[in-house]
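Each of the two complexes below includes chain A, the first together with chain B, the second together with chain C.
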Partner chain A sequence: MKESIRKKFRLTKKAFSVPYILFLLLFVVVPLVLILVNAFLDSDNNLTFENFKTFFTSSSSLIVLGNSLLVGVITTVICLLIGYPVAYILSKMSSGKILVLLYVLPMFINFLIRTLATKAIFIAMGVELGMGTVLFGMVYNYLPFMIMPLHTTISSIDKSYIEAAQDLGADRATVFLKTTLPLSVSGIMSGITMVFIPTISTYAISQLLSNGKIFLFGDSIQLSFEQGLYGVGSIMSLVMLAFVLISNLIMNKFNKNGDAVRRSLW
Partner chain B sequence: MVQQNPVDNIIELRNVFKTYDGKHAVKNASLTIKRGEFVTLLGPSGCGKTTTLRMIAGFEMPTSGKIIFNGKDITDVPPHLRPVNTVFQKYALFPHLNVFNNIAFGLKLKVIPNGTKVNRKGETVQVFRKYTKAEIKEKVDNALKMVDLEDYGHRNVSSLSGGQQQRVAIARALVNEPEVLLLDEPLGALDLKMRKDMQLELMDMHKRLGITFIYVTHDQEEALTMSDKIVVMRMGEIQQIASPEKVYDEPANAFVADFIGESTILSGTMIEDFKVEFCDTVFECVDKGFKPNEPIDVIIRPEDLKIYPADDPGSIVKATVQSSVFKGDHYQITLIANDNELVAHDTATYSVGETVGLYIKPFDLHIMHKTRIINEIATYITGENLVEICGADFECVTDLPVGTPVTVKVDFDDVEITDDADDGTIAATVLSSIYKGSYYQAILTTDDHYNFFADTDDDWLKGDRVGIKIAPEKILIEQRDESQKEAEHTVVDETLTQAEREAIAKEMLIEPEKFDSEAELIAEFEAKEAPVLQNSTDEEGAE
Partner chain C sequence: MVKKIKGFLEKSYLFIILAILYAPIILLVIYSFSNSSNFNFDQGFNFDAYVAIFKSEKSPELWSAIGNTFLIASVASVVATLMGTFASIGIFNLGRRSRKIVENVNQFPIINSEIVMAVSLMVFFVTFAFPEGYLRLIIAHIAFCTPYVVLSVLPKLESMDPNVYEAALDLGANPFTALVKVMIPIISPGIFSGFVMAFIMSMDDFIITQINKGAATGINTLSTYIYSDARVQGLEPFWYAIFSIILVIVLAAVLSVNLVKISKQKKKAKEANA
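== the complex of A and B ==
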């Protein structure tokens, strides 16, 4: 009898994945199914397509979506513009790894606390809260996510490629444009993914840093659920999910072309 | 590529030093390379050959010294402005570009003269242009054809085999029509068969293109096969610069002899001009100018050692066959002649234990000055019957008072090596161990960079940490006159004249003070692993 039990519960490698699978089922798959179901139910739990109509015909919600995408794109571009030079310089420094840690260190503090502190600073400085402050908060929060993968990718580029380019007659600028930059595409793509996807779905930062003036998609999803509009909220969540999937697909496609250095952190 | 330049030497290195953290990776390298020559830098890993090549390419800046190209000083010229191209050890093909674009990389950047025009000031100025797409395509296609990869232009470099990548790397360098092609162990990653094929192809290319090749390798056979001129390096120093034949037949010192080809190195005595004694036998030789009874090293190549029947009147010394191993086209026969081990190559085999006669043509005996005949250290008496040697107090037998300057002499035989560094009075690292027929001569570097020569029965592993012990009665102590200030640790043989001493110093295998420990090896290794781009870019190494 004992034998058979033991046989049934033999500790294989698969056994270790069980808790994770359970976790995924409970907190990812089930909620997704709930969202999907909710999207097709009205307040009286009848099957309906009304929710879609409400969302896609309301110009205000589409504007919020557009705003969110715009803020996401701008934040990502700013993060890339700041993050790339930083990552590049850090990868050339012997103490680069420690400095990267310093860049990442603020993430150890809860982002709400950081955002509230930022808000307090802006108010103390007399800066008017609005789009500018929201973008600042976004960049400040997501910049480490850009620097980390870029730093990993750039510092793992084999020096011999740079020497080969120099040897073939490339000056410093050309070496950068023709070797370092193309070879760090995978890092750029990881960075963009890491920044863009969270920014289009984020909330709270925009509310806090604009005193509720700027309303992003994440905020409106939150509001819908708060107001008990589960159907519309679910539709919005699905739209968000679609955007995340689409951007992921695009990134992957780009990444395939420059898959030279795949050893990025993420 | 036809050069109408009056300067015959295309590259000249003048007293080039390269130092990493105070350790010399390249020491006082002077070298001239003629136009169109195939020059090989040969040596074991860490000998400074790659550093030398990288200095010619411009990736490393010499700490001191000059690099002259076509009569112009290019020491400070960044790599992208040097008319040389490199084939890298691991090819360094750009993974984001296909074969065609890898090869076209240099062409796309190049500007070529395109006639002249008269500018507004009325001066005639040279006009430059870039290659057109059609020109690039033609050149790349030709380069691909040259390396037999005609249809591979569109291929991804990662889809190519090692040999194909190698060819692309060569095509990428040659398509720029450099005046000098630098090759850094380009065949190291290929298998034996492929390597042989590529050797022949490279030699053929060298002949066809007529440009200068500078080739780095640790493979002596490769060097002997391919080169017009071999530069043998060791520990950052050039040991010998000569044609392959000369390096093989007349090695400058025991290291070169040991490194190039197989050879037997024996200790002997030069009795008089044209007469040398080793294996307790007097041989005729063609060397002269040694002191009577000067201790020397004799080098015998295995193919020069002739085996005769024992009773043949032509044989000089009798020997017993110890082993005979079939090597394909010959037998390698190990013989013992008067307790000295000799190696011969012969087409016939002999049975083990058989007594044979040996003969060596006088011309085939290569006789070299000994680097050193006794370990000699200038030091002080530090206590009662105590003398300081390399930072530790050794017991000795002396009645000289404390503080007396003395010269300590220790015979090679009397240096006792212990397996465990802690068992010795001082610790040292084994630098080399060369078999001398009946014993091994080990060179041990102490932590303060003195080199002990020791004759031992055991073969010590290079790089091993060992201990050194010397019996008190074996330490010979002579009072030293402080006023005649000699550099500490200098080996001076008083029996030689100044001229002879200089001659020895020139040929010397090892110069004690300059001979730094393996830290140098490490320095060179690190330099190789994490190349620092210094001159053109000021970029710092990442780690």
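== the complex of A and C ==
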């Protein structure tokens, strides 16, 4: 009797996941399928490949994509160059675990507040809004996403590797290049993904910090849907999705604990 | 000597980066007492900007946005926590292959770019003619909050000793009692942090709300209202005051949660050593 209840409960416990699985199917999977379907439909819901042609032959949409990738790459590189030394120095300090919090804290303040504050300061200082201010805003916004995974990875490196390298006569630069740097590759990859993807798909930051002069991929996805161009908008979303999936594949390859880093953000 | 210089350079570097990160935030707080939009103290030190939160022609709209933010965050985070907790228990008991599939789909809202999630939900709501307004917003918020709840509850289930639950059953507890009295208390830290995370994520959201709120409904949350109000004419002084208040609350909350966490870890480490 008892055994049968237990077995039954095993089954019903599995059933606990059913509402959420249905929810995921309905509100996560179906919407993405709809995007895929819309990519092949024209405004009268007929099957078409025109949307692909429109997107991939229009120079303006390709320029926006190119610009976004450029802004994404520059932002990521600057974040890495600024963030790596921060994470590295912090990992050597005994109070690094608490200090790193200071660098991540701004992340918890809504990005619109931070962006509008920097914009107001730029205006008060008389800085002309344009590519420079957009890049500053992006780095300012996403730097914590770089520092966090880097710090987690670097501070978990076994110190005996570094000591062994020193004992074997390597100078400081060699020790860094041959032990610390290779051992922190997984953190670098997580950081790159967590900065690059949000940067190219960001909506509003570039518009606010350039007074609408610089238009990025996220902005143009939003604009096409606002104008009712579901077909082209869907194509752009698919392109964005491709970037998301590729970068995640790369990240998972380098980092078996990708989730752990993401989770430790919280 | 060389070491000293190196240490000094390293500390200065850390400090400069920190100063740049915090400069806009600190300036914002200082000038929230100036009642000006362009960083001057021409009117001297005053609290006018704070008064304007309550007494300006924009106050009704502002307070309705604040109300909406809390309403949506409360409903979405409670539903997300309930559904996510039960889902985690279910997922934990699934077979290996189906578990892997569900966990991967659960990851999707997290790794996906926000704008794509936002427009895909919008297309979905339009296609199936969901009524515009709160329903769409709350569903959308539940959709991006629940995965975080699952991610914070599942590890707690994994680290739980299954024998404890079995023991409760052997001692005559029925499965429901064993669930409520044994399992839930053990995983409750995960449930709580999942709830807090869901609440913060929902309050903080801009993109998904902006795209799904519908132009005709007039519903705004704090972030969409900031955007619509400040995009064109820039920040009015009362925004400086609001931002300063939000800042103090957020920083205090995050700092205290993390300091408690770190001191607990230290205590544990000490006990382990002793």
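Just so we're on the same page, the second predicted complex is superposed on the first by the 226 of 266 C-alpha atoms of A that agree within 3 Å, B and C clash if a C-alpha of one lies under 4 Å from a C-alpha of the other, contacts with A are read in each partner's own complex, and residues count from 1 in each chain.
What we mean here is this: contacts are C-beta pairs under 8 Å (C-beta built on N, C-alpha and C of every residue); 3 or more make two chains touch, one makes a residue touch a chain.
Bear in mind that the values here come from a model prediction, so they are computed numbers and not experimental data.
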{"item": "Touching partner for A:A204 - first (chain B), second (chain C), both, neither", "value": "second"}
{"item": "Superposition-derived comparison: chain B or chain C, residues of chain A touched", "value": "C"}
{"item": "Partner chain(s) touched by A:L116 [first = chain B, second = chain C, both, neither]", "value": "second"}
{"item": "Chain B versus chain C as contact partner of A:F254, first or second or both or neither", "value": "neither"}
{"item": "Which of chain B and chain C A:F52 touches, first, second, both or neither", "value": "neither"}
{"item": "Touching partner for A:A164 - first (chain B), second (chain C), both, neither", "value": "first"}
{"item": "Contacts of A:F40 with chain B and chain C, given as first, second, both or neither", "value": "neither"}
{"item": "Which of chain B and chain C A:S155 touches, first, second, both or neither", "value": "first"}
{"item": "Contacts of A:T174 with chain B and chain C, given as first, second, both or neither", "value": "first"}
{"item": "Footprint of chain A on chain B - complex, ascending", "value": "57-59, 78-81, 84-86, 88-90, 92-97, 105-106, 109-110, 172-173, 176, 530-531, 533, 536-537, 539-543"}
{"item": "Interfacial residue positions of chain A with respect to chain C in the complex", "value": "2, 5-6, 9-10, 12-21, 23-24, 27-32, 34-35, 38, 82, 85-86, 89-90, 97-99, 101-103, 105-106, 108-114, 116-121, 123-124, 140, 143, 197-198, 201-204, 207-208, 218, 221-222, 225, 230, 233-234, 237, 240-241, 243-244, 248, 259, 262-263, 266"}
{"item": "Residue numbers on chain C that touch chain A, as the complex places them", "value": "10, 13-14, 17-18, 20-25, 27-28, 37-39, 83-84, 86-91, 93-94, 102, 105-124, 127, 139-140, 142-143, 146, 148, 150-152, 155, 169, 174-175, 193, 197, 200, 204, 206-207, 210-211, 222-223, 226-227, 230-231, 234-235, 239, 243, 246-247, 250-251, 254-255, 258-259, 262"}
{"item": "Touch list for chain A against partner chain B, complex", "value": "91-94, 96, 155, 158-172, 174-175, 178-179, 182-183, 185, 258, 260-261"}
